[in-house]
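Have a look at the structure below before the remarks.
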C-alpha cells in the first residue's frame, strides 16, 4: 500500500498486515532500548497487583511493531509526517499476536511532487480486539509527470 | 514529574530531562526490533541521495527514547492513555543528542480516583532545535482521601 | 518472488532486493548472538594485522542479512530445504552496503502439493562486487487445483 | 579442533561441542537481526496451523548458533571458505537444546602456507536427532617450516 | 540517593529500589553480550543435572541489573571507584524479581572537591532472600563552597 | 585454565586471554541491558565536558566482557563465589581493545569434592595499561578419587 504513488491511493482503500506474536522478549528488549522499565511492563510481582493482573506491553512498543509491518522499501514515502489521535484501547499481554489494518481516510496535495495521506490504523490482537488506534500522516510522492 | 499525584500537578509546570546521544547502534537496534528497515534509516548509499544526505533515525525511535527519560517507577501513572498531534519537525542524525521538555497543559478529573493530564512534549537536539512534538495523555492517580 | 506458487516461477526469473548497510553494530550483535567472537570480526588490533587490514563481517552474518531481504509473509514457502555451494568470495567491511540478486535456476515437482525450487543467490556490495554466492533450495506450494 | 594446524588434523578426527538451549528469545533476536519475520518463526497462531504445530527456529539461526560452538581464537583459521550440502532435516522448537558434532572428511593443500579442510557437521538436539547437516570448508594455516 | 552531594549523605542512610523480573531473555542477552555461555546459564539439560536443577542467572548479570536501579543522572557521582566483598549468596532463577537495598556505611574526604562513599548493597529476590551482597565505592562531588 | 581440577591449578599459574574491541555498540547495549544510562556513558555532549573528554565504558561492562573470555564449558567451576578488591583504574574509551591476564594467587580446600581458588585478574587495553583489577573467587571441583 505504501509502495503506491499519491495518485494511486484512494480514500477507502484498505490493507491488512501479517501478524507477530508479542513475547516476553519483546517487552524486555523494548524496556532496554527505550529505558522505560516501568514496573507495569517489567516487574511480575508488581504487575500482578494492578488491574491487568500481569505485565503488559508498552504502548510505544505496540506502535513500533505495527510500523514494521508496512514495507516502505519501494520508496514512495518521503517522510513520516506525524500521528494524530493515538489511543491505547486495550492491553497487549505476553503471548498476544497483533496485526494492523489500514484505511486511507484523507488525501491532500502539498505541491506538484508530493501529497499528504492520512491512514487510519487499527492494531488488533488474535481475538479481533482493537488494542490501539492511530491516524498516520505520510508525505508521499506524486507520480512523475511526463 | 510523573511521580506526582494528579492534584500536585499544575498547568504550566515544566520539567527538563537528561539527554541521550542517538547512535548508529540505536538505529540498527530499532530497525531490528520494529522490523522497519526502510532504506532512509538503514542504507547509507540510498540515504545519501535523499534530501537529508544521510541516514536518519525513525520517528518512533525518537518517541521511544523520549519515553524512557521519564521515570514512572513511583507508580502514579495508571495508564498511558494516548498521544495527540505528534509531528516530526526535523531529522535526528547519527550522533545527535536529544532530550525532552515537558509542560502540563491540561487537567481533567475522570472520577474520584483518577484524572487525565495532558503534557506538551518537545524533543530537542543539542542545538536546541525541536525535532518532534507531541501531546502525551496520562491517566494519573488522585491523592487518596482520608 | 517468494510470494508466488511453484507454477508461477520460471527458470530465468530474476529479482533484486533492497540493500542494507552492514555496520559495526551488526558485527557486534552477530558475534554476541552466535557466540563467534573470532578476532577477525571483533578485535580491531588483531584484524589490522591480517590480509584484510580491518575487521570483516562473519560469513553467516552476510547470509542471515540476505535471508531477511526476502519477504516470505505471503506464505508460499513450506520450508527452507537447504543450501548448496555457498562460497564467501570477498570480505564485507564495516560500512559496506549489500543487496541480493536471485535467479530461478531449477524446478522439481515433489508431489501434488509441493515443488522444490533452486534459486541462485548472489550477494553484492555497493561496488557491484559479489561477496557471497549460494544456491537456496525452497520447498514451495503448488497452486491448489479446483 | 580449529586450533590445530592443517597438518595436525586427520581425516576421521571427531569433536563434540557443548550445547545451548534455543529459546523464544533466540528466535525473536534472530528474526530482528536478520529481518526475517516469516510467520512460521514469529506468529504463534499462524505456526499452530502448520505441519509443525508451533513456531520453529530459522535454519540460519541454527547454523549461526552452531558456528559459535567452535572456538577460533587460536587463529589457525585463515578464512571461512564456504558451505556445501546444507540440509535442514528436522525442526528446532523453542526449548530444544542443540550441539554440534564435527568430523574431518577431506583435506587439500592449497599452497605452501595453507590447506582446505572439509568438516562434516551434524547439529543434533537433546534427543540425538539430527536437525541439520552441512559440510564446512575452512582455509587453515599450515605449520610454519623452520 | 546518588543525586546527593557527599555532605548530604550520612552513615546509616538507607534506600530501597524498584524491582525487575529476571527473565530467560535477560539470561540469553547477558550470555550473548558477555560471551559467557557457561551451560549452567544456557543449557537447560545440563543445568537440570546440577545442584540448582535449572538454569540460573550469571552473577555479573545480577550486579549489572542492580547497577541500573540507581539513577545517576543528576551527576553527583564522579566515578565508580570499585567494589569490595562481592558475594553471590544464592541463585537467581528465571522469573525471580530482584531489587536493591543500599546503606551508607562509610565516608572519607578525598580532597576539597570530592569524597569516597561506601554503600553496602544487598540484592534481594521476591521472597526477601539476599542473592548477592557487595560494597560499592563511589567517588562523589562535595558541595561547591561559596 | 578454568577447565582444570582444583588439584591441577598451582599458585603462580598464569593465563592470557584473547582480546575484544569495546565499541559504541557495546556501551549502548550495556546501558540498555543494565538500565544505567548515566550521561558519562551515553551523552556525547555531557561526557565532553568531564575530565575524560568523551564517553567511557561502564565498569561493570568491562568486568562482564572480561568474564566472557574465560571458557567454562568443561564444567570444573561449581560456582562463582565472589569478587574482592575490584578497582577501576582507568577509563575504557570507544575503540579500545581489552584482554584479561589471570594468575592463581590462593587455593583453599572446602571439603572432599571442592576447593576455592582465588585468581588475580588484570584487564588491560591495547597500550598495556591496566583498566581494572579484581580478585575472582571460584569454587572448583576436586579430582574424583578412585
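We just call them A, B, C, D, E and F in the order they show up, numbering each chain from 1.
Here, contacts are C-beta pairs under 8 Å (C-beta built on N, C-alpha and C of every residue); 3 or more make two chains touch, one makes a residue touch a chain.
Worth saying up front: this structure is predicted, and the values here are computed from it rather than measured.
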_Cα superposition of subunit A on its sequence copy subunit D - rotation in ° rounded to nearest 5_ = 120
*Pick out whichever of the two, B-C or B-E, is joined by more C-beta pairs in contact.*
B-C
*Provide the C-alpha centroid distance between subunit B and subunit D, rounded to the nearest whole angstrom.*
42
*At what distance in angstrom does the C-alpha mean of subunit E lie from that of subunit A?*
37
*When you check subunit E against every other chain, which residues touch at least two of them?*
18, 20, 24-26, 29, 32-33, 35, 37, 39, 46, 68, 73
*Examine which chains touch each other and state the graph shape they make (line, ring, star, complete, other).*
complete
*Within the complex, which stretch of subunit A touches subunit B?*
20, 26, 29-30, 33-40, 46, 58-60, 63-65, 67-70, 72-73, 75, 77, 79-88, 134
_Contacting residues of subunit D [partner subunit E, same complex]_ = 18-21, 23-26, 29, 68, 95, 97, 126
*Residue ranges of subunit D in contact with subunit B within the complex*: 32-33, 35, 37
_For a test of understanding, state which residues of subunit C touch subunit F in their complex under the given definition._
24-25, 28-29, 32, 37, 39, 42-46, 55
*Which of the residues in subunit C end up touching subunit A in this complex?*
18, 71, 73
